[in-house]
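Shared between the two complexes below is chain A, which pairs with chain B and chain C, respectively.
Let's turn to the complex of A and B:
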């Protein structure tokens, strides 16, 4: 693990450094023109937001059902915090794009609303962890588990309004000139995510080890 | 199953008996709800005393959510002050029975608040309550159940946590977003001049499925979540 993180970080840095040139070389989108380029950042961060929320939900369920393993707890904490980070990137780049494409910063569309609600949920997970005091591991695992069950409900209930957001089914049908820079960005973001995730779980392990050592020393 | 329901009812009966002696929760929650409605009236009703379309259903559900949160915090604060939740959890009943008992007591309390709050909203904001009374009742009942089923579990979990008063809304509000959307939209479909029963039915179906999923999830997880 000590060697994986620097390697992943190096790969991510190199790919992210190269990605502006690839995005620049990609053809401009017909109707939206230059603003569409933000898509090469928006979609990868949204994908990672989803990946980390699934990791957090599964780890929370495993923690609750499978005998409180510290590893599952660390995984859920790291995933929730990274969901906040990548969710923030998604929620910042989305309105920037929407302002030009739709003419408004924000619409209460299904995808936007469900992303916002899920993002708030990972905030409540993290706030609970930070300020809940002893025993908050179980509480936040409950939030993670309920949050996973919540996704279809939020999505369905806001979907009944109206949907402006482009469907993700366009992604596999992208021409190669746009698809290659997109997947390049996705892989770069994935490497960054993996490196941050490994680092965060390690920090959490050191923190719990220190707490345990302190408790031992006090006795 | 019958045993669990019987013990749950005993726990709910205990809570109601405690409440009937002091009436602290009913009075304070009701008063809070009434003042909240007043604040909404001052902020929404226009100078020519016209009421913006759709505000009645919104005000009703926002007030319910806020006063419900206060009631939830207070119900469990009472258990904590006298350290009685430990006794309850140590008693030879299943965890789901403790959860269900608490849930029943909270539901009955909120039903009492709604009994005043709903006519008051109708009176202040000219909401046509009598147009489809059974559908309105069903929306309120399923919405309150959805709110309380998640709220009771998290309030019980937070009893031992630090800064629990702020953490309950922090945790609860994102989770009950679908309940609020469905409740407000469904009630609004009944309150608009051309009542849309089909839309209200659709939101009712959504509330019923939310209740089913989250109630079973709460019953399933209340063992590990309420602690050993």
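Let's turn to the complex of A and C:
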């Protein structure tokens, strides 16, 4: 862990330092123009938001069904906090793009609304852990499971309901000039996410160790 | 029958005149100099990227600070236990 985090941070920093040049070199989209460049930060953060949700959901399921494992609990806490961070980036960059491309900051369609609901669910997870008192681990694990259940709903919402948001078929059809900078950003964001995730789980592990040590000292 | 026809006529006349009022009387030429909404894209892109980096840097900083604090507390507790 002590070596992995700096290495991942270094890789992420190097890739993110190169990404502005790649994004600048990518051609602007024909109808949206320059504002479409928000895509290279919006989509990677949205992908990581979903990845964090799945990690949190799987860890919550393992916690509930696997004998209340502390490791699963720590994993779910770290993933939920990162879901909040990357969800925030998604929900801020999306309206900035939409204001220029659609003429409005926000529309209450299926994709945007379900993303907001999913993000609020991770807030409820984190608030429950902070202020829920004893037993909040089990309750928050239940919330984590619901968060994961929302992921396919959010992903396919654009294909099922009428919405202003682009369809999921946009990404596989991207020309190489747009696809390469996008996947470069995705890998860079993934490295950053992995580093932050390991760091957050380490903090949680040390905090439980500290609580246990304090309890021993009191006895 | 006359009454029915008269009622129909009285109802139809305002409806027709109302419909006619909504029809534009002709085409208006597009005025190139007229003010249009021109929202610059560059500030939106700049704000988007800046906010993303601020959020990530803030999270990384708070995590690093928490980690240092917990490690210090643990080390202090262990030193106290040894004494």
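By definition in this document, the second predicted complex is superposed on the first by the 205 of 219 C-alpha atoms of A that agree within 3 Å, B and C clash if a C-alpha of one lies under 4 Å from a C-alpha of the other, contacts with A are read in each partner's own complex, and residues count from 1 in each chain.
Keep in mind that, in the parts below, a contact is a pair of C-beta atoms (placed from the backbone, for glycine too) under 8 Å apart; a residue touches a chain by one contact, two chains touch by 3 or more.
What you are looking at is a predicted structure, and each value in this text was computed from that prediction instead of being measured.
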Once the structures are superposed on A, label A:131 by its partner contacts, choosing first (chain B), second (chain C), both or neither. first
Once chain A of both complexes is superposed, is A:64 in touch with chain B (first), chain C (second), both, or neither? first
Return first, second, both or neither, reflecting whether A:117 touches chain B, chain C, both chains, or no partner chain. first
Check the residue A:6 against both partner chains and state whether it touches chain B (first), chain C (second), both, or neither. neither
Intersection of the chain A residues that touch chain B with those that touch chain C: none
Using the touch definition from the top, list the residues of chain B that touch chain A in their complex. 150, 153-154, 157-158, 160-163, 166-167, 170-171, 173-175, 177-178, 181-182, 185, 202, 206, 209-210, 213-214, 217, 221, 224-225, 227
Under the touch definition given earlier, write down the residues of chain A that touch chain C in their complex. 33-35, 37-38, 41-42, 45, 81-82, 85, 88-89, 92-93, 96-97, 99-100, 192, 196, 199-200, 202-203, 206-207, 209-210, 213-214, 217
Once bound in the complex, which stretches of chain C touch chain A? 39, 41-42, 44-45, 47-49, 51-52, 55-56, 59-60, 63-64, 66-67, 70-71, 73-74, 77-78, 80-81
Could you please specify the touching residues of chain A with respect to chain B in the complex? 64-65, 117-118, 120-121, 123-124, 127-128, 131-136, 138-139, 142-143, 145-147, 149-150, 153-154, 156-158, 160
